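Pasting in a structure now, in structure tokens, and then I'll have a few things to ask.
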């Protein structure tokens, strides 16, 4: 036993015990018990992950568990990274949940099991184990998504989408991995790495698993569950799903594509990069249009995971071209973005949950003015929004900078496909970053600043202490990651090295220095410099400006009387210019109704403007499939008309056919 | 019994066996059909008796007797009993495939039966196995009756036809499959027919008509 | 560390930026046949504003008061760390081009948030338009950076400029030209100049930047104006140094620094004058035609990035 | 000793015949089923130690003892739920005590015939036993005496009897081949047959095998003669549906496995595999097609049985030891889960009065325990862990990809996904949301009777435990699979 295996065992034990206890204890003690158990589970997961990142390994297999297949667990740096992230998010969600969670017994008991399943996925070292943990994760998350099904009818719809799409994704992963297993002596990862594989089969395996894993990561085109399920789940569950579960999709792509299949031809990674790029832009565009706070965050997850896949794709492409060091850099950038995204998305979802808790409103058009009632939540969300906007000194800035460095340096001397791919990828990252800025300015500015746009928002009050503690903890982690990414970068680099080989991608303590290529960045310096500059400006202002006291004054109302909240810019109007720019991509649905005064058609009484930006990919892709399935089912009903003659006829004709065939072949 | 007499008797019985099957397909009057069914049972019993005489086996004679009782007496009687009181259902209403077509189909099925039985005949050529195709054909015709006839009782007859054919094949190939199994099979068939007869009666009681195409409440 | 260089750069940018605005207004006035107020007018305006009482509109939060400070601070940091006068880095490895761009964007973002914070239609409108343009400019900017840095193998501004100084022929390469044009468009868009925005209008329908900062008054407004001017100066300075890096000091001795300052002032002054002259002949584009302009510039920058392999 | 699994239920049946449905005899049925299970376990241990044993007409090997365990386990589950079910039926006036007594009697006979089927040493006896199951269950299906239930019973008997008659023809043809086997004549004894199989005439054996598989397939709910299944399962009383779906189909599948052993030895693996693959895929397509637009939740469960038996058939077609082990595990897991589900569905029918999917809304709110049980059951059917169906489906698919049936297996996976989607959607509609007001609303909460709850949750718990670890059953399954695939 070592720290890694002990930690994992501890996490599993804590999770399962918590689930059992949560079923048994009375309703009032339940949130505290679940929260405490979740914190323990998460902490044990972090410990196991940290040990794994430090290079502690273990390997166990229990053939008796899971009949026929058996399970095997182990640890390496790559697994450790994802374990640590999941554990960390769980820990924070546990703290938050103590005063947030008011759900039923089943949901409370499922939550720790969900965390356990997520912790086990990266620790799996055989196909059977991976699949069983994957499905356990899907099952528990499905139950959690459904936790509030009585409150809102949309929950059932979201659950349906999630159930079907996640099962579809699982099926493709299953097929892919089983084809791989069929060419190997056993189903352990070690066997698979050693298996000789024909190129076509490897490609098939990769594509199949890619479809499944990217679906879990919320990547287009199988993303449709994500913007539905994430908003409808309880907020700490949303945080777990959005910050921990989707990562495992990336884990799957990296583990199978780079580790088990050992890289592969360029086209694999061009596909990955393309999927990532399209998802990033599409996700953030939808987020920029969204007025539902949690849906916005959900689409932002699609965006960020898209960016991660851009990094993974670049890593695969570079590795295929023999540039191992740069591949390591690209993968390290992607994995660092996974970590960073987990930190800031947890922050954001928890803050959104706090808003929802206080107001019951998710619609940005009805929020606003939360600063007064909820100062801590506002500050936390503001910090999260900065982190998500990829601006210094935010968290995402560092990882996106690393990603850009990998892309800039990724062009080989002679040019080639990379010479076109890399600049386009840079453009995608840039556009995504720009739109992310717009999105989060909207979310924060409209949602939290200015005046409340509804009664609920006006009466909002700060959330209970444990929720605040959870949020602040998440924000603090995001802050540390933003300023001192060097704390985690060596570990992230080691995890990347597991998949693509090569040494550490970066070095340095206060400064991130790239290995092998020129490039350095010191987020700490920027933070300090900004702070110093603010102090300097403030000093300069004190020295030069008059010392008169600040005076409150009326806003400029064009002389038309006091401004009301209805005159404010809303999230919809804020996004309108962008919507116009991307009209052809988004195909929004708009509707203007003009009401006239009875006496004259020239006097307008009211103008009503409605806009909806449906998910166009979903609109184009899914309805035909659903309609086809429905038609299939409808047509198929003719198979069972109730006529016993018909039923016997099936047998009769089959028999005659079979006998005929037998007579012919004998 | 001389070889030729044996063969001729056997083939005569087999011919009668097939003919009765075709007649059942042809006729619509249920009472007549039941009578033909009894005749077919008789033909089957004769077939087994001829085999018994040929083999000189007491056991087979006993089986022949059993068959005669069961298939000439009991089973047709059961069907007839279900018929009584069913005035409206005495005639087969228009079958889903008309008589002419079903006769043509029967011709096709005969060809198929003969074609498919070739390996069975070839495995152990003898006068008895030469008649196996007749049994197979009757099985197929029985199935055809099941598929096309609309009255509950006609289906019952079809089932019995099927069963007669199978029994014939059994005796013509290997003179039975062992006593225990034989008895078990006969008992099962008897019980199945009993159950079907009871159900047919119950159906008539519950909703009057036994036209099976009315029976389409359970569907998707 | 190169404290002297950093201080000199900061002083030059802070002191010179309002003068640059003054020069541009003067050029414009002369070309339009007016006498103009003189190039010192922006400084005089700032002094007047600093002397007024600070005002906080009702209903705004701390963010509204902090925004001008942060906005100015970001430009100040850029002025210190980026190579304007000398390529010797001021504070460690901070002169990364991506980082500089992101810092400048941060300044815009806080002002946009402040605009939203006021809760007026103007503030929201300005913020919305400003971030839209920001989002659309980003791809052009970063791809142009890509084009410039791929050849050097670094995104460090100092490294790029040094490489150009050492090999002047690069300037007239197609990559450079395309990237330069793209960056000029970016500069125009990012600083709210014609034809993207008209800095001297206060017409509701067309305002972008001015609508966002409409509620500021007194010393706060002074900071906003100063930051805006410095932003323009910084952009022009970077543009000048990236494509015409001559005169840039590569050491820290006072003479070289002095030459560097002089070169910077001349480059920025000329560029500013050219920009002002061009503006005389331009009308403001409709807001929804701006994306076309930006798309064009993006195309140029993408061509620049790929041209590095296909033309060079 | 070997006769015990048959004698115990027969004795119980006799007692029911004498005493009918009384307070004292209520728990006789579960006791008898528990007895079968206990004997099955004892026998399984004995077989594991001493190898197969035979008695007159019967033979017990690892495969038979495993099937006995399945019969005992699902039988116990169904009979535990029976008293509560019958009481509710009597209370609702849909049945009298005579019907109840006859119900119990027939169920015991049903268990006995199934036990006979899996213990039969002789293909003929096996056939007799399987046909006998049709006869004893016919009246159980028609128990409610409504138009629909009589209709279902008629279809059930006609289609199954016809199918099974084809199997009889197959038995006879196989007997013909066996009498003329090159190694000297043999009877229908299963062991003798497989020993002599290489000497069987291939042409004749092919006909026999085709007839046997198609015929037994009717009883196993495989296409093309599957159509009785949804009707019978939806009309039969819930515990009987549980038994039919949970074990009867599997017993027929067991018979197919026995036939396949002979077929593979006589004809090579290809022939039976082709037939079974076609039937398995046809069943899966059919189940998927009819589940998509399904409107009746009991029929939904029935079609899901067709799906699962299709998977078992696929595993049999694959035929490797691993695949057969997966098939056996699947049989047990499916029996437990489906048994629990039918019991639960029967309860839903009793509390809501409708079997239409559209008629049930907001079940999770109105009847949380019942909905929880049924919901978990659906998740088990879909093949989610920790339920054992996950392990067995994974095993089947793995074997399929490993044994060169990649495309077929891939098609099966796709169909299973479609089916899972349909199940999710339909059951989600029933479970989730707020119960509506007005007509069609789930009536006021009725407590779930304890025995029903025990049956539902006990079955699911057993299924889940089995999915985590098979324990000693694992080795039994291994041995049983060796009986089928060991010869290869």
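As written, the chain order gives the labels A, B, C and D, with residue 1 at the start of each chain.
The definition used in the following text is that a residue touches a chain if its C-beta (ideal position, glycine included) is under 8 Å from a C-beta of that chain, and two chains touch if they have at least 3 such contacts.
According to UniProt, the chain labels map to these proteins: A = Hydrogenase 4 subunit B; B = Hydrogenase-4 component E; C = Formate hydrogenlyase; D = Hydrogenase.
All values derive from a computational prediction rather than experimental measurement.
Colleague: Which chains does chain A share as contact partners with chain B?
Modeller: D
Colleague: On a CA-centroid basis, which chain has its centre farthest from chain A's?
Modeller: Checked the centroid distances; the maximum from chain A is B.
Colleague: A-C or B-D: which has the larger count of contacting C-beta pairs?
Modeller: Looking at A-C and B-D side by side, A-C shows more C-beta contacts.
Colleague: Cα centroid separation between chain A and chain C, in whole Å?
Modeller: About 35 Å, centre to centre.
Colleague: Please tell me the distance, in whole Å, between the geometric centres of chain B and chain D computed from their C-alpha atoms.
Modeller: The computed centroid separation for chain B versus chain D comes out at 31 Å.
Colleague: Need the CA-centroid distance for the pair chain A / chain D, whole Å please.
Modeller: Computed from C-alpha means, the inter-chain centre distance equals 42 Å.
Colleague: Using mean CA coordinates as chain centres, what's the chain C-chain D distance in Å?
Modeller: Going by mean C-alpha positions, chain C sits 77 Å from chain D.
Colleague: Which residues belonging to chain B are in contact with no fewer than two other chains?
Modeller: In chain B, residues 116, 118-119, 143, 146, 155, 212, 215, 217-218, 220 touch at least two other chains, as defined above.
Colleague: Any chance you could list the residues of chain A touching two or more other chains?
Modeller: 636-637, 639-640, 644, 648, 651, 655, 659, 662, 666
Colleague: Can you list every touching chain pair?
Modeller: By the stated definition, chains touch in these pairs: A-B, A-C, A-D, B-D.
Colleague: Using the touch rule from the top, collect the residues of chain B that touch chain D in their complex.
Modeller: 116, 118-120, 122-124, 136, 139, 143, 146, 152, 155, 159, 162-163, 165-166, 169-170, 173-174, 177-178, 180-181, 184-185, 187-188, 191-192, 195-196, 199-200, 202-203, 206-207, 212, 215, 217-218, 220
Colleague: For chain A, which residues count as touching chain D in their complex?
Modeller: 64-69, 106, 128, 131-132, 135-136, 138-139, 146, 149-150, 153, 155-156, 159-160, 163-164, 167-168, 171, 174-175, 178-179, 181-182, 187, 629-630, 632-637, 639-640, 644, 646-648, 650-651, 653-655, 658-659, 662, 665-666
Colleague: Given the complex with chain A, which residues does chain D contribute to the contact?
Modeller: 154-155, 158-159, 162-163, 166, 203, 206-207, 210-211, 214, 218, 223-225, 227-228, 230, 275, 286, 289-294, 322, 325-326, 329, 362, 364-365, 372, 379, 382, 384-386, 388, 390-392, 394-395, 397-398, 400-402, 406, 409-410, 413-414, 416-418, 420-422, 424-425, 428-429, 432-434, 466-471, 473-474, 477
Colleague: Where on chain B is chain A touching in the complex?
Modeller: Touch list, chain B to chain A: 96, 109, 112, 115-116, 118-119, 140, 143-144, 146-148, 150, 155, 212-213, 215-220.
Colleague: Touching residues of chain C toward chain A in the complex: what are they?
Modeller: 50-59, 61, 63, 69-70, 72-74, 76-77, 80-81, 91-94, 96, 98-99, 102-103, 105-106, 109, 112-113, 115-125, 127-129, 131-132, 134-139, 141-143, 146-147, 149-150, 153-156, 159, 214-215, 217-219, 222-223, 287-288, 291, 298, 302, 305-306, 308-310
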